[in-house]
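Structures are listed in the sections that come next.
Each of the two complexes below includes subunit A, the first together with subunit B, the second together with subunit C.
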Partner chain A sequence: MASVTIRRLSKVFDGGVQALHELDLEVRDGELLVLLGPSGSGKTTVLRCVAGLEEPTTGDVVIGERVVTHAPPAERDVAMVFQTPALYPHLTVRDNIAFPLELRSVADAQIARRVLEAAQRLGLESVLDRLPAQLSEGQRQRAALGRAIVRGPQAFLLDEPLSRLDAPLRIELRGELLALHRALGATMIYVTHDQTEAMTMGQRIAVLHEGRLRQVGTPEDVYQRPADVHVARFIGTPGMNVLQGRGRGTGEEGRVIEAGSLIIPVELSTYEGELQLGIRPEFVGLCAVDKGVGNADVLVVEPLGSETLVHLNAGGQSLVARLPGFAEVRVGTRVGVKVDRRRLYLFDAAGAPLA
Partner chain B sequence: MRRVLLGALGVVMVAPFLYMMSVSFMGEGELLRWPPALLPASPTTGNYAAAFQALSYTRVLLNTAILAGCVMVGQVLTSAAAGYAFARMRFPGRDRIWTSLLAMLAIPAIVLLIPRYLIIDALGWVDTYPGLISTELVSVWGIFLMRQTFVMLPRDVEDAARLDGAGEWTLFWRVALPLARPAVGAVAVLAFMDQWRNFLWPLVVTRTPRMEVAEVALAHFHTAYAANWPYQMAAAVLVTLPALVVCLLAQRYVMQGVRFTGARVRL
Partner chain C sequence: MSSRLWAAGATAAATVAAVLVLVVVTTAQRRYERAFALRMAATTAAYVAAVTPPPPPPPSPRRVPRGRRRAAVPAPPPPPAPAPQSPAARSYDLPSLLTQAHALRTLPGWSSDVEVYFGTAPLVDATAPPLSPDDLPHLAAGGRWRDGAALVPLNDRAGQEVVGAVAVRPRPVPHGPLPGGLGFAFPAAIVAVGAAATIAFRQHSLRRGGYVGAALLLALAGYLDVWAAARQSTDRWLVDTRRLLTEAATRLPPPRARVAITDLAAMVRDGEIVVGEPAESAPRRVRIDGEQRAVVAVLIGPGRWIELRSVPAEAEAPKWLILLLPGALLGPLAIMALRWAERTPVRSRRETVMAWGFLAPAALHLLMFTVGPAIYAIYLASLANFRALVRDPLTWNSFVTSAAYALYVPISIALALAVALAVHRYRERGGWGRRLVSVAFLLPYVSSVVAIALLWQATYHAGSLGLGRPDWLSNSHTALLALMLVSIWAHVGGQMLVFLGGLDAIPQAYLDAALVDGAGAWRRFWRVTLPLLRPVTWFVFLTGVISALQMFTLVFVVTQGGPFPLHATDVVVHRIYRTAFGPQALGMASALALMLGIVLLIFRWPQLKLVRRQERHA
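Entry: the complex of A and B
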């Protein structure tokens, strides 16, 4: 296993679309790093540059001590699992898993042993002689994993490997992947747009937005201390409420932010003008009209059992409140809004955090 | 209704063939009676024995098999390799070359007959196997079929193979080609059948009976026994039979291959 370092990586595609802007990222030896971002954010491009399937426009890719920026995929010794299983349809599971070893001229006896080991690890022993078309969706993705682990590569690249599976299977395989990561001590880069997956799997999460790396940190970091407004909005289900506001007053008393129909007191010493105010849905509460920081209209109520999500319109600004259990709120009514003032995030108009 | 229509079409296609079989068992004068008989009054195999002798059947069959076999192998190799290159590799001018190749499909073969003959003559290959075979080894249509097949190979499978350590050659030989088996089968069978029926080029480029292929031999036979229809029919059946067997055996492949170009590869 080895670390993977990306230095000032940029990628401009033929059509002139810049997919990545000077990306710097280090994945430590044995780490499971999740690359998280909405679709089109460039995360798959990062992975393909590391794999050697795309040539970076500028910048370097280093695996272990070796600069592999221009090396062909075969020489990088990384394994990749795709969104589709991408198995060889004409080969049995056994031959699929054996394929990378055969290409590396590993001795037959050793191939047989290692294929069996990988199959046992993934529970594939009974289907080794079947063709991919005869497998279930989950077995196919396991076989693809088997083909990746069998040769003990320097790093694993996983490109949304679970996104095409149905929910129960996804949760099951998520657990298996984590177990595999622990057992192999493998360096893994895991690409996903599903932030539940990112939060539950990643030791660290790298958040990409429009081809730029916005933040790298532990799941707690990116949730509690978002580096900018994009990260704040993207992390969490639903993401952070971001209100467009204006700071008013810099005196001792009247320090408030006006956002739509809300007037929220803040502890910001000197700020006046346009800014963005972030607050997580769990720190938004409802109360009687005129008793909170302002009033809002209830647009949608989503009872989820353990919690209820209430979508509000506060003078043209939309925000979501997460209330415990089943909340007695009716669509179309007017309610008062409370916020936990200790849990506010302030960003400037461009989205950078204000200290 | 559809079945009736298909059935009627089928009868129209098969009837001449069946009549050919029927006539081939008739006596010499039987066909000239009025009204003509549909079935032989007293079936005889004498026509076959005679035709077999007069055709030098084994020699003709051997020549035709060599021509069709070599061209089949050759076209499969050239079509697969070129099709793969046009579909999966990047090189300057690729699409322009491809378009001009396609445009060549529009040139009638007859226009190329004389230039081809002149080249083969200059090489001193007239009346030899190389002369007979070499010009047939590349088929734009075959390349087209293979290219369409390779274009549809899933990108992920190719990427996976590259990461597994496959170079271009391994990718072609061990991944792309096995996946394109139905198309390979179709190219092979169609090449074989085409050559089995090939007439004009062998007629032009061969001179001696020693080099005669099926269609040419049949034409000569026709000239020699113009009036004896049962004879000719027997000879025609003899020549058609091997091709028919191949066709029946390979029917599945041809169908698959043609359908394959319209269907996605299933993972």
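Entry: the complex of A and C
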């Protein structure tokens, strides 16, 4: 196992699209790092640069102590699992798993032993002689994992391996992947756009947005202390409410931020002018009209059982409140809005956090 | 639809189908009866013409009394010039005609009633209505069926003018072997309708109820009846004609002491008469020179036997199956359709009916111009043709030549794949150069084969690309090779296009995975790309072989099967063409085409399976 280091990595595609902007990232030896970002954020490009499937325009990729920026994939000793299982349809599961070993001219007996080992680890012994078409989705993705682990690579690159599975299977395989990571002590880079997956799996999460690395940190870090407004919006289901507001240092109510129909008192020392106000849905509450920081119209009510999401329109600003249990709210009515003032996040107009 | 109503509908459909079969059977029986009657009438007319003497020359007024005057005349007048005979002289002696006609009526063992008209007047049954004066000129155009009788012209002795008519009304005879002269079809129809009613009212499946079997049995029974009717029509003619021939042997006018076989043969133009041997009286079927013939032995004098032969009408009875089988299967089909309609919800029923509506023109076209001719070809190609073909070395030569020619396919496939791989790589880099390459390879593929053929013919004649002075096309050892070269050149483009599509369809993930796993370009091709292209390769190979075996134009334009006498480029389709427009004509060509068709099926089968598998994957 080895660490993976990315230094000032940029990638400009032939069409002139810049997918990555000077990315710096270090994945420690034995760490499971999740690369999280919406589609088009460049996370897969990072992975392909590490694998050697794409050549970076500038910057370096280091695996272990070795700079491999321009080395072909075969010389990097990394394994990759793709979104589609990419099992060769003409080979049995056994031959698929054995494929990378055969390419390395490993002795037959050893191949057989290691394939069986990998299959046992993934619960695939009974389907080793089937063709991929005869497997379930989950078995197929497991077999793809088997092909990756069988040769004990320096690092695993996982490109949304679970995104095509249905929800229960995804949760099941997520657990298996975590167990696998612990058992192998492997360095893993796991790409996903699903922030729930990122929160549950990653020791650290690297959040990508428009080809730039926005934040690297533990799940708690990125949730509690988002590095900018993009991270704040992206993390959480639903993400953080971000209101466009205007700060007023002085006024009848003291220091306030006006955002749409809301006037929210803040404890910020001084700030005036355009800013962005963030608040997570769980810290937004409803009350009687005119009793809160302002009034809003109820647009949509989503009862989820354990909680209810209420989508509001507060003078042109949209806002989601997360209420416990089934809330008695009617669509089309006007309600008062409460916010937990200690849980406010303030960003400047460009999205950077304010002290 | 209630199940009772449905069952009634199903039974009605089965009844309609059964009635249809019965109608076909009855029509066929009537046709064969009419055919017999018309044939018999023609034979009778010929008989009458042969046995009736001409009218006596008009008596001159001075020649009375006859006997004495003749003796007194010292020198007989020179006989009148034989031609031109006057119409009257070509006609018949009326009293003799009357006698002959009456004799026909009392001819023992005849199965028909006969009437002979002289002019428009009936001779046998004088009280019968005469013909209308318009009838005779009409009859000159040929016999016709009227009022349950076959009416044919009675020509004058020289066969020049219609002087009367012969009508033959066949007496009803039992058509079938069952009591009441019933055939098999009627009881089979009842059984079939019964079976249909059973499955309809008891809600059995079509497969279990045995109705399909009953319907097939009905078709078979109907066919047996038709076959029997055909056989009967030939047999009746043979037996009745035998009667006429025996009669003619004694009545043919003097001066012949012994009747000549040729005189009798003139009476039966659509049959054959040869010297025969004593035999049983019933008509028999014998094989003469590989052809089935119906024969009967005829005694025409003491110890003189002849054999009367005819083509048996039942030989072409199978054509009625074309009507009988669909007619009988209409019932099960209708029930299937009804079942389907009962089970299927309204909208999908409507959509299916609509879909078939749109398909109908194409299906009809297919039926008329593909299925029809194929069946006709099978009909034309008799077993004898196959036997002759198998013995013909040119047949085997053509198959071997075609097989050798088809060997170009693997070569062109390998080339096409190589070009496709190159173009595919090139395309990944982007650019219009790829298009240029594609067009260069595709141009021959989309060009007219005739144009290509002429171009290459000129090229070879001009010195075979400078690769040797002698023209490759005129050398038996190289001519086929030269054509194969042309075909490779012409086909690489199209095959490349298919491979290009196949390469595009390979998900990039497979190749990426192989790359990360450490496979080099060579291994990626052999272990990933080529196996994934296997269906495409099979497709290109099979369609290539099929079209190679069907190749015609190139040979037709460039070599015409030569150089001769080795027939070095005489491929199968060209042989078919040569045969069809050669002396042995269509039957042989059809047989050869069928042989090729069977070979093509061998290649078509895996291709269809391939297509089906791809549909499943899609």
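In the analysis below, the second predicted complex is superposed on the first by the 351 of 355 C-alpha atoms of A that agree within 3 Å, B and C clash if a C-alpha of one lies under 4 Å from a C-alpha of the other, contacts with A are read in each partner's own complex, and residues count from 1 in each chain.
Convention: a contact is a pair of C-beta atoms (placed from the backbone, for glycine too) under 8 Å apart; a residue touches a chain by one contact, two chains touch by 3 or more.
Please read these numbers as outputs of a predicted model, since none were measured by experiment.
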Subunit A as common anchor, with subunit B and subunit C clashing or fitting: clash
Contacts of A:P132 with subunit B and subunit C, given as first, second, both or neither: first
First (subunit B), second (subunit C), both or neither touched by A:R147: both
Partner chain in contact with A:D14 - subunit B first, subunit C second, else both or neither: second
First, second, both or neither for A:A86, with subunit B first and subunit C second: both
Subunit B versus subunit C as contact partner of A:R104, first or second or both or neither: both
First, second, both or neither for A:G315, with subunit B first and subunit C second: neither
Touching partner for A:L53 - first (subunit B), second (subunit C), both, neither: both
Contact residues of subunit A, present in both the subunit B and the subunit C interface: 51-53, 72-74, 78-80, 82-84, 86, 88-90, 99-100, 103-104, 147
Touch list for subunit C against partner subunit A, complex: 430, 507, 509-510, 512-520, 523, 527-528, 531-532, 534
Residue ranges of subunit A touching subunit C (in the complex, touch as defined): 14, 48, 51-53, 72-74, 78-80, 82-84, 86, 88-91, 99-100, 103-104, 147, 157
Of subunit B, residues touching subunit A in the complex: 154, 156-157, 159-167, 170, 175, 178-179, 181, 265-267
Touching residues (chain side subunit A, partner subunit B) in the complex: 51-53, 72-74, 76, 78-80, 82-90, 99-100, 103-104, 132-133, 140, 144, 147
